[in-house]
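You will see chain A twice below: alongside chain B first, and alongside chain C after that.
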Partner chain A sequence: MSGHIHNTDDRRELQMARSMCWHCQSEMAGEYFCDRCVKVQPVSKDLDYFTCFGLPRRLALDPQTLETKFYELSRAFHPDFYQNKSDAEQTISLGNSAMLNTAYRTLRDPIQRAEYLLDLEAGSVKDIRTTPPADLFEEILELQDTLDEFRASDRASESASTLRTKLHADRATLEQRQRDMEAQLQQLFGRWDALQNRGETTEQARAERGRILKDMRDILSNRTYVKNIVNDLVATIA
Partner chain B sequence: MAYSEKVVDHFNNPRNMGSFKKEEDGVGTGIVGAPECGDVMKLQIKVENDTIVDAKFKTFGCGSAIASSSLATEWLKGKTVEEAGKIKNTDIVQELNLPPVKIHCSVLAEDAIKAALADYQKKADSK
Partner chain C sequence: MSRIVGIDLGTTNSLVAYMDHGTPRVISAHHERAMVPSVVALTDNGLIVGDSAKEHLTRNPERTVYSVKRFMGKSLADVQGELAYFPYTLTEKGGVIRIKLGEKSYSPPQISAMILKELKLRAEAFLGESIAKAVITVPAYFNDSQRQATKDAGMIAGLEVLRIINEPTAAALAYGLQERTQGTIAVYDLGGGTFDISILKLKNGIFEVLATNGDTHLGGDDFDQLIADLFLTEIRRQYGLDLSTHPDHMQAVRLEAERAKIRLSDELKTTASLDLPDGKGRFTRELTRDQLDALSIALVERTLGPCRLAVKDSGLAPGDIDEVVLVGGSTRMPLVRQRVQALFGKRPHCELNPDEVVALGAAVQADILSGGTTDMLLLDVTPLSLGIETMGGVMSSLIRRNTTIPASAKEMFTTYVDGQTGVDIHILQGERELAKDNRSLARFRLKVPPLPAGVPRIEVTFLIDANGILNVTAKDMRTGETQSIEIKPSYGLSDQEVERMIEDSFKFAADDVSARKLIEARLDAGALLTTTEKSLADGGHLIATGDVAAIRTALSALAAAKDGNDPRAIRARMADIEQAAKGLTVAMLDDSLKQGLQGKKVSDVTQS
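Moving on to the complex of A and B:
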């Protein structure tokens, strides 16, 4: 199957098909609707979520702009408005709506947005792999042991109360660390956007891109580990 | 999606849960994590005369991750260090019938074995 995609003729054909209305075959200039026959067009699977909303691939994103565009497109694609249309149009409306919902949910949340960007950029940077945070692992294992100890203890006892105090303090520390990581992430968002805005293609800019993506990857991973242990802590001492 | 019977069995009756003292002679420790889901796995081996005489694990994560590491410790016992290095995540996937979304759990177990073996080797070499 991949042989087909790599075939240049096929690819050209695919591109042509995409810029052509599926219904009247006229050339497409509009975004999601044919200018001539006004039929809804399927959102291409190759379209990334940013482009889908007409947004540049940046991490700082105005939620209001996103929401407005989301409502606008939701109305345009909503299956309710296609009940009296052809089967083909109903299918497109359904597919587009599903894609739109996923795209909106992903971009709305800064963490998911960053994860998504990393997925998109994964091909452009050699290897966005995380460095295993050995110290954090040690800390988590130790905390889990304390949690086990607390779970097994008689809650009314003196030792349980000491443990509980310790766990509460640990929780506060970890939650502060979560906030710190989110602040770091915001900072990286800014650096990424600035770099993209400059649009440089130098070796230096490429290296900087790679560094930012790698740092984002590491923070996002560490954030997941910390989030898990915080959840365990909260569930146990609540 | 339901867990396979084998996963449930390992989850309910985990084999070899616990830990050895890291500093102990012949003990190799591997601690790894899965950044996608935040699971953390610790796997330890105890080696005597090039053979793994005991293995222990502690895993904080989903049922599949726990089952994968539990199974790994069972397999490790009695193997030579060289044989242990040949355990592949695909063997674990097959034995536990892991669905595609849980394959990373078996990868985690393989990584943990490799890390434990490397740690053991490092300790042995530095002596």
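Moving on to the complex of A and C:
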């Protein structure tokens, strides 16, 4: 049986500082390519995704800029362009491309981007909620009952059709709820970015940052919880 | 760098293409079509491939393999439902199907390798150099086992497979190169055996696949089968004949069904006609386009679900697609075009030859790999989610479907029991919740140093490379040591087996395609020599003596070439004879028609 632990935290791994070119051993000044021998360099595991794309650690992000940079780096790293190169370079190209693709996927999606930033800033592993958020407690317990009842019912029966109508209404409510949370998140994102842009180092600013991160984390996990319930609901009534 | 060719290894037809100064071109042999039917037959002269093998479908059904692509990367259990339709015998060994041909059994990659060798040979003859590297296409929805099987086939054929690329994306490359399109395109590829839909974004030379979906068991073959079933039922009813005990007639029914289907793409009605066994005469039946549509609508509808899913997964709506490109022979069916047009609300593009566009795209990709084309880059995705089995038989997803490749995921493993020395890992592919409902790719045992429970930390990296094929590595985080992992594929050939098959394919020189080419050329040359000698004897007096001398010279040149061992030289001399003897043929026909067609010349007759 496989016992596996989720979410390996790459950044915590001890990693030799990459200061020398793996090939010619000269001091590395260039970003991804050695200035002297022009060989591609493995992207350091310590490099966060924002830095990788040359972007500041902000939650508002222009998708166009991100895409342009992604395409540019893809042209630099993709294995297609390393077919005639040494084995070592091919391996680096493969690793860098895989990393780049993960980075792009993470930053492209606002929710994943926020979760990632939270992880960077607060060093937290994703908070997986197992009980309903307090303000939805009653509603969700009731919904679970309706779902169970519906699953056990004869789909053609009248009672099933009543239940179905109720479930559709519940779905609309929850989806609205999800949208509300996303709007709250947007606000928090804006507050975070503004705070970072001011770059204050006061005790007050630090406390404010901590509060925003905590609120973000709560709403993100509530949102995921609600989203999973909605998915389950949709799958059941489909 | 030596030349890399692009190969479309299709269910029904295969092609090879190359890049000719920035323009991809398909390669056809002397006077032949570029398409090589994906058929392999065992004859008294050994194994043959392509058009000549297709002839054996009805003559020699038990020894003629077609649609072998359907069996790539599959176990016998996977194809149980359709076994009855195939006249050749299938067995299984080590989770891999084996096809019996005479005394020997061949795995699907070996049969595919014979087709690949034929293409390789064509390319070599055409380009005048030896070919050792190729890009081979697969349906986008092929899973890891099916991709690996295709790669194995290449190796067995003596080709280094530099890249496996997806058929719809290959088509997009060829299309994008020609049309210089920007925007979002949907490629709908319905071939002989498989269906794929891919949604791509084309921008400044980047071809980014947003999502893909499909069905690796849905294509023209299935339409043929429906029509054939209809014919078979009617034959049973009208003549009390059960053709399923006559493999040759079963094949004839299938082929006639396909021909009728193809005719109905251009006509509104057609007549199918078949010879029956046991002196029961002929079965003829009129089939209309409407009847065909009624038969096929369910199959066509089955392609639309994956289309909607792919569009949804790419975060778009059908109306957001700028262009729809049709690929594959089956998209010539009017019903298919109608339904696709209705779904996307756009008239689909079909300017490019749907038979060739995949091979052309493979040639473009080959050129990218060899450094010729530098402004284009394909970013493809993995079609199916990859995961591992966890407690309770649940699949835990590591790399989601439609993730851009190369893609990697890391997972940390530890032990539950003190002193435990291994962790079993079961790798799966698919979208279902439970492990048992997904495709098992492989199992392996992770070696762990004996330590108290929970202390070992082994990090396993799952990497899907640019071919869409999985690679697994493991690292002990305590010692930093990496361990090599021996993976036993669930439905594939082991490395040793592939090695052996590569050796076999060289050893049996008689099976070798080039040897066979020579044998065939010699046989054909022999026949031509005999008939021409006879014509000279019968009709030599009808032509000028100079012409007779020219024919004699050509005959002795062919006789000499026939003794040599260059099939191309033989074919060239044969063409010379045909040229030299043209006058003789016409004169003899004119002569024999003189009474019947008072005064009319053959040249008039053939022109009218």
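Everything below uses one rule, namely that the second predicted complex is superposed on the first by the 206 of 238 C-alpha atoms of A that agree within 3 Å, B and C clash if a C-alpha of one lies under 4 Å from a C-alpha of the other, contacts with A are read in each partner's own complex, and residues count from 1 in each chain.
By definition in this document, a residue touches a chain if its C-beta (ideal position, glycine included) is under 8 Å from a C-beta of that chain, and two chains touch if they have at least 3 such contacts.
Being a predicted model, the structure only gives us computed values, none of them experimental.
A.B. asks: Using the touch definition from the top, say if A:Ile140 reaches chain B (first), chain C (second), both or neither.
C.D. replies: Once the two structures are laid over each other on A, A:Ile140 reaches chain B alone.
A.B. asks: For A:Asp193 in the superposed arrangement: first (chain B), second (chain C), both or neither?
C.D. replies: So A:Asp193 meets neither chain B nor chain C here.
A.B. asks: By the touch definition at the top of the document, which applies to A:Lys227: first (chain B), second (chain C), both, or neither?
C.D. replies: A:Lys227 sits against chain B, while chain C stays out of touch.
A.B. asks: Quick one: classify A:Glu175 as touching chain B (first), chain C (second), both or neither.
C.D. replies: In the superposed model, A:Glu175 contacts neither chain B nor chain C.
A.B. asks: With both structures placed on chain A, which of the two partners, chain B or chain C, ends up touching more residues of chain A?
C.D. replies: C
A.B. asks: According to the stated criteria, A:Pro132 is in contact with first (chain B), second (chain C), both, or neither; which is it?
C.D. replies: first
A.B. asks: Can A:Glu208 be said to touch chain B (first), chain C (second), both, or neither?
C.D. replies: It touches nothing on chain B or chain C.
A.B. asks: Please give the residue numbers of chain C that touch chain A in the complex, ascending.
C.D. replies: Going through chain C, the ones touching chain A are 1, 162-163, 203-204, 206, 208, 365, 368-371, 374, 377-379, 388-391, 396, 403-408, 410-416, 423-426, 459, 463, 465-466, 477.
A.B. asks: Applying the document's contact rule, which stretches of chain A touch chain B when the two form their complex?
C.D. replies: 130, 132-134, 137-138, 140-141, 144, 217, 220-221, 224-225, 227-229, 232
A.B. asks: Could you please specify the touching residues of chain B with respect to chain A in the complex?
C.D. replies: 31-33, 35-40, 42, 58, 60
A.B. asks: Of all residues in chain A, which touch chain C in the complex?
C.D. replies: 1-6, 8, 10, 13, 71, 74-75, 78-81, 83-84, 94-95, 97-99, 101-102, 104-105
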